[in-house]
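Each of the two complexes below includes chain A, the first together with chain B, the second together with chain C.
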Partner chain A sequence: MAGILEFAPAIVLLPFLSFLIALGAGRYMPKGGALAGIGATAGSFLLAVATFVAVSGGQTYNQTIYTWAEGLDAVDLTFGLLIDPLSAMMLVIVTLIAFLVHVFSLGYMNDDGQTGLPRYYAGLGLFTASMLGFVVADNLLMAFMFFELVGLCSYLLIGFWFRQDGPPSAAKKAFLVTRFGDYFFLIGVVAVFATFGSAAFAGPDAFPVLAEEALAGEHSVNTFLGMGEQAWFTVVGLLVLGGVVGKSAQFPLHTWLPDAMEGPTPVSALIHAATMVAAGVYLVARMYGFYALTPTTLAIIALIGGFTALFAATMGVVKKEIKQVLAYSTISQYGYMMLGLGAGGYVAATFHLMTHAFFKALLFLGAGSVIIAMHHNENMWDMGGLKEKMPVTYYAFLSGSLALAGIVPFAGFWSKDEVLYETLIHGLGGSPILLAAYAMGLLAVFFTGFYTFRMVFLTFHGEPRSETARNPHGVRWNVKAPLAVLGVLAATAGLVNMVPVEKLFGIKGIDFLHQFLDGSFDSLNAHHYAELIPYSSGYIGGEAGTVAIGAAVSLGLALAGAGLAYVLYNVPEPVEHTEKLGSIKTVLYNNYYQDEYQVWIATGVVQPISRVLDKFDQGVVDGVVNGVSSVSLFLGSRMRRIQSGVVSNYAALLTLGLTALLLGLGLIGGWFA
Partner chain B sequence: MVPAQYYLILSAAVFCIGLFGLLTRRNALLFLMSVELMLNAANINLVAFSYYWGNVTGQTFGLFTMALAAAEVAVGIGIILVLYRNFDDVDVTKATTMRW
Partner chain C sequence: MIIEALIAVTFLAALVTFVLPDRIAGKAAFALSLVPVLGSLVMWQQYDASGNALLGGNIAFETDVVWLQLGQYDLHWMVGVDGISLPLVVLTTILTTLAILSSWTPISERESQFYGLMLLMEANLLGVFTALDFFVWFVFWEAVLVPMYFLIGVWGGPRRKYAAIKFFVYTNIASLVMFIGFISLVFGLGDSISSLRLPEIAQALQAGQLSGFAGLSASALASVAFIAMFLGFAVKVPVVPFHTWLPDAHVEAPTPASVMLAGVLLKMGTYALLRFNFTMLPETARSFALPIALIAVASVIYGALLALAQQDLKRIVAYSSVSSMGYVILGLIAYTTYGVGGATFQMVAHGLISGLMFMAVGVIYNTTHTRMVTDMSGMADKMPVTAGIFVAGAFGYMGLPLMAGFAAEFFIFKGSFESTVMAAMPLFTGAAMFGIVIVAGYLLFAMQRTLFGPFEFDGDYEITEAPFHDVAPLAVLLLLTIVLGVQPDIFFTMIQEAVNPILELGGAF
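Then we have the complex of A and B:
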């Protein structure tokens, strides 16, 4: 396998090529450019798998490809590739999901007779390429640039149906809200450059390593605003975190994500599982060596994550539309990942990122299949009884739902349990903040179980509640095949990292992901991170006991939620039990009035301030400038009167001027003294 | 030998006569004559100082100035002709189209 990593740039370039092909020649191609995209992502996937195998064998790759701005006595700005276990794993996930989404799009878009397909496939290609570029980025600035490209592509794809009212507005919202976070990220990038003079993730001048050495007092770095190194690193970490919160849809910048459901469903699958939303969490994992140095930032990440997990899960309980439920589940699940990262569970969070990618892509594609069948009606109250009509979709969807709810042995159980376990032991080790975050995460497990199975039962069980549900539109192989692949993965992906089994039964060596993420650059492996995190561990009844208690509690809560949904909704004619919540339901259904208060901030606070600033600009700044010009104009209009056109006057003025000059010179020179 | 002051007084007198003509006359030809007078006043100065210092350079300059004055008259007469052609008059106060 020697040298396979040399082909790593092709993983990024292939989807970019498909973007160019679909954009330039998509109109003349069969299927509107889909085949180029499918071929490119399949090629990327194969290369990514080869890369993954090579990385498993202990190879790594860290190379600068292109220096696009050379600095004299300053930093060079470069593009480069960093292939380590984390990015190799992410490459496989992204290329696989992108490939399946391309295939699924044949069924969702082409078979549906949509127009503008070249634009759609060009968007998908660029989206995949940007995310892959982000994943392999070897420095923070390159990561930022591709981060922005990902945001741009999501804007283009969410607003794909731009002739309707909803999608363009949702696209603008997604763009602006994430841009608000990215603004802080950009300042963070500049701060990293200013502090360390380098933004590389790995290598001799990697900024996490420099930060670590600076804290150990081995050398000094530039800090600003008169802060100490620890405080300044916290500020930088929080600035970069701004971008993460925006992209990964964490509270309070999560509002764009439910609206983004206006885009085509395969795009939603791509956004939620592999690209865009995953980018935020991946960024924290990528520079985890830096975050692990600042306990304050970690605590904030954990709190945001735990709170978002619970907060989003409660909103998912009352939604009517299948994609809305999934949207809130995404926010909630990314909350778990943030919780895991903040709690020092680097491997746990990465694990959840992986399993979530599989089961969330599966759920969205499954929802897409249902939406095709329902002629683009997304309201779950119009569905019901689809189980017999579309068995492949049903069983795949069920597999994804079990994974999402965290029922053993499906993928989500293992990863979510490990996230919660890490939070618990580090919380017991003397961190009340983590215990609070743990409590929120645990409570969210119950809600997750409930809303997931409410969705399953409403969609697939009971009696059909509308004419379309009685005679659903059929789906073809291109929808079923991706569902089958992901269905198997959602059921089995968790088996790669069965930590609870290992700890309980003492079977060594089945935590493959732990081992995989350990084999890397010294400064980038999980082992190093475990040494860096500022937490100590505490246990109830020994390590095995804590594992058993944690797993039992989270599984019990998930089952309780699912069971409640079973009792309430697995009946032939379900009714809206959430109505009983009364005013709470209204609050939940309106997303805690998050949109309203953000609009209020914009119109009630920012707008008046802007108006005052506008007054200042228009009145004072423009006033001074306009004043100067009007004085000149006035004086000019008076002074020009001396231009009478009569030569004699000019001569007189000349004479008078000369006389005055002579008199003046004489007076100064003292001729008359 | 006549003292230099006399020449300077003569020169100043001629210059002032020219200036007076320039400020009071309206006829362009008289303008031109006045300008010639002022020019000659300067010429007298050149020659007078040359004589005073016993240096012939000033007198040479005087010769040049006369040639220059001749050329200037040619140009001036040309301007006056054009003035007459455009305004049917040589009254300089009538030609005020270049005013603000």
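Then we have the complex of A and C:
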């Protein structure tokens, strides 16, 4: 295996190659370029697995491979690869899901006779490549650059059906809202360079290490605007966080994500599970050594996460379209990851990132399968009874739903439980903010269980409620196979990190993910982060007791939510119960009017301002210019009288002028002195 | 001698084109314009200079002969390039050729004159960027205006006369103000200089030879001269509030003239600012850091907000040029490698990308005969290739990484954030950076309305994909933008070599 990490650039380049092939030659190829994408992502996946194995064996890789801009008497701006457990794990996730999405697309796009397939597969290829480039980035600038390319690709794919009105609008919103976040991120990148002279994640110039040493007083770094180091690092951390909040669809920049459902469903799976939305959280994990230094930033991350988890979950309970429910569940689940990161649970959050990638990709592809069957009708109230018609989809979807709801032993249970557990013990250790965030996260578990199983029951159980639901369109192997793979993963992926089992029963060594993430560079491993975080732990009745109580409460709430859904919706003829919510229903349907105020800022504030400025510009600024010119035109018309056309007059004027000029120059120049 | 050859060949090409029959003028002009492209590429390949041409650096392809004597001053024919001017020379030749190609479809009257003027303008632009003697430089500088005046005034839209005269008079008056400022410096230098060669003047100023003049102390004179020159160049750039001639000129100008105006002519202003104000009077510039940074931020934000209010695609791109030029000013005042280097890089990057955008708008206009956002939708359905390049170009304009605009903007932001000219530079940088959000706003809105959605068009014209010779220049520009974005060092290394000596300049008085 020696030297396998040398091939890591190929993981990124293969999908890029498939982008070029699909773009250039896709129209001449069978399946519109799909095969190139499938081949490329399969190759990337195999390489990623090999990389993962090598990293498990203790290898790491941190190498600059390209100088983007060489600074003369200034810092070089470079691209490089950083392969450590975190990025190796993410590489496997991204390439696997990208591969499955490509295969699934054969069923969703090709079999459905869609047009524009080369454009579609080119977009998928570039999307995958950009995300992989982001994952392996060894410095913040490179990360930002690929982060932006990920944004571009999501724009292109969300707006894939550009001949309709909705998708281009949703694509625009997605790019614009995340751009707003990236604005802060870019300032953060610039600030990191200005502060540390380097933006590397690892190695001797790693900026988190420099920051740590600066706080320890070992050397000084540049700070700005008269701030001390702690305050300035907090500012920088929050600036970068702007990009995270935008991409990972956290409150208040989450509004683009539900709209992004306008894109093809496989794209939604890719965006939500492995690429765009994951990018934000991954970034926090990537530079966790920096965030761990500033308690304020951590607290804000935890609060944003906890609040978003609850806030999005409540909106998920009233949605009618299956993909809308999934969209809000994505926002909510990324809230958990943020909560975990903010609460000092680096491994827990990374764990949830992994399990969520599997079960969310599964749920979206499952929803895609249902949508094929329903002839692109997404309304759950038109479905029902699909369980018998499409058993593979049903059981896979059920596996994903159990994972999402957090039912033991499915993947989501373990990771969500660990996130909540870390939040709880660090909250008990003397951080009321974390306890508040914990409470929100815990409450969200109930809603999650409810909306998840409401979705399952409405879609698959009961009697078919429409003609298409009685005679659904069949799906082929290219849809079923990805579902089966992900269905197994959603059921089992959590077993890699059964911390509660370890703690309750004292079985040592089954926290594989902890051990794995500890195998990184000294400054990037989980152990180091655990030392950095500013929290102490507190327990209710000892460690084992806390584990047991935490797990029991969250499992109980999840089951309660699922049970309520069972009572209300697992009936042959379910009816809407949202009326009982009264005016809350209206608020939830309208997503707490978040879209309204953001649209109002754009069209009610910024646009009128720009129109007023336009009037001001044409009236006043240009008015002055034209005014000056009319004054001079008027003067010119008077002056014209001098231009009599008589040559001797001109000669006289010329002589006069020259004399005056010479006199003036002479006086100023002191010739007569 | 290659510079003389370059300028002379371009002049000759212009003359030849003038007398050719209209039928073949376009194709001939295109073929002839490839010669200067080749010449500039040879220059780039054989470039061996280092340092700043004005500050005693090694000048490439230098010629310096006494031309004629004027009082105490020798007028020299002095030309040459350094890392600041060579990229602009290459930009000029390439953009002119592509602009000529993009004229084939829209220009159908007085073709030989049109193409002759385009080449004449190119020759003068090459003179502006290579001249190192003030007199020579000023002659070229003024001579650029004449072809552009006719290009707008003859081949322009309905209000072409107003726009052409406004452009000519406004920028000409500005030149006068600048001229007075510069000449007062020359007087202030007195006997310490014997020619108007720019290196000699810059070095005399550096050596502290400036004395008082006309009752002003040396430093007051420097301030007055700085302000006068700044105002003069500011109109050319243009920066807020001297920008109002630009949208009018762009809207009325035919597409190729717009391409040249935005792509190269605006860079004359920023180039001159760098050469004169920021190189010759660095200490004065630093003392004016606050107002200059304010002007930069105002140009970026105000220009972008105005772009947001426009319905005419060309006005959108025109105002966004004001915004982009604001970044250049921000980079210049930073006085850091990445700041000033990034500003120079932005001149090239914006030249390519704004050229691309104006051409793309032109290609759509050729088919639809309208540029109003409200008049069309879903154009991507009928013109997929053009729309695809339009989208790519627009993202380039928004500063998408791995395209030239991002490199330029990132360099500028980085350079200005860590600048030491003022403690508040991070705040100004942060404020100016908000431009990247607004630019995304107006370009995404414009694309959504015109390119996407169901196809709708109210005109009588049949909408089809543009011919190859219309799309090809777009593709070339897009490719160049990506190449420069992936490998900015193609120009950035030489730019830094020329820029760094400026940063080392200390106070002269």
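Odds and ends about this structure:
Assume the second predicted complex is superposed on the first by the 610 of 673 C-alpha atoms of A that agree within 3 Å, B and C clash if a C-alpha of one lies under 4 Å from a C-alpha of the other, contacts with A are read in each partner's own complex, and residues count from 1 in each chain.
Rule of thumb we're sticking to: a residue touches a chain if its C-beta (ideal position, glycine included) is under 8 Å from a C-beta of that chain, and two chains touch if they have at least 3 such contacts.
No experiment lies behind these values; they were computed from the predicted model shown.
Judged by the touch definition given at the top, the superposed model places A:Leu225 against chain C, while chain B stays out of reach. Within the superposed three-chain model, A:Lys172 lies in touch with chain C and out of touch with chain B [touch as defined at top]. Residue contacts after overlaying the shared chain place A:Ala552 against neither chain B nor chain C. In the superposed model, A:Val605 lies in contact with neither chain B nor chain C. Of the two partner chains placed around the shared chain by superposition, chain C is the only one that A:Glu148 touches, whereas chain B remains out of contact.
Of the two partner chains placed around the shared chain by superposition, chain B is the only one that A:Ala651 touches, whereas chain C remains out of contact. Partner contacting the larger number of chain A residues, of chain B and chain C: C.
Residue ranges on chain A touching chain B, taken from their complex, read 640-641, 643-648, 651-652, 655.
Considering their complex, residues 19, 22-23, 26, 31, 92-93, 95-100 of chain B touch chain A. Chain A contributes residues 67-74, 141, 144-146, 148-149, 152, 156, 159, 162-165, 167-169, 172, 175-176, 179-180, 182-183, 186-187, 190-191, 193-194, 222, 224-226, 602, 606-607, 609-611, 613-614, 617-618, 621-622, 625, 629, 668-669 to its touches with chain C in the complex. Of all residues in chain C, those touching chain A in their complex are 166, 169-170, 187, 213-214, 240-241, 243-245, 302, 305-306, 308-310, 336-338, 378, 380-381, 391, 395, 398, 400-402, 406-407, 410-411, 413-414, 417-418, 423-424, 426-427, 429-430, 433-434, 436-437, 440-441, 444-445, 447-448, 451-455, 486-489, 492-493, 496-497, 500.
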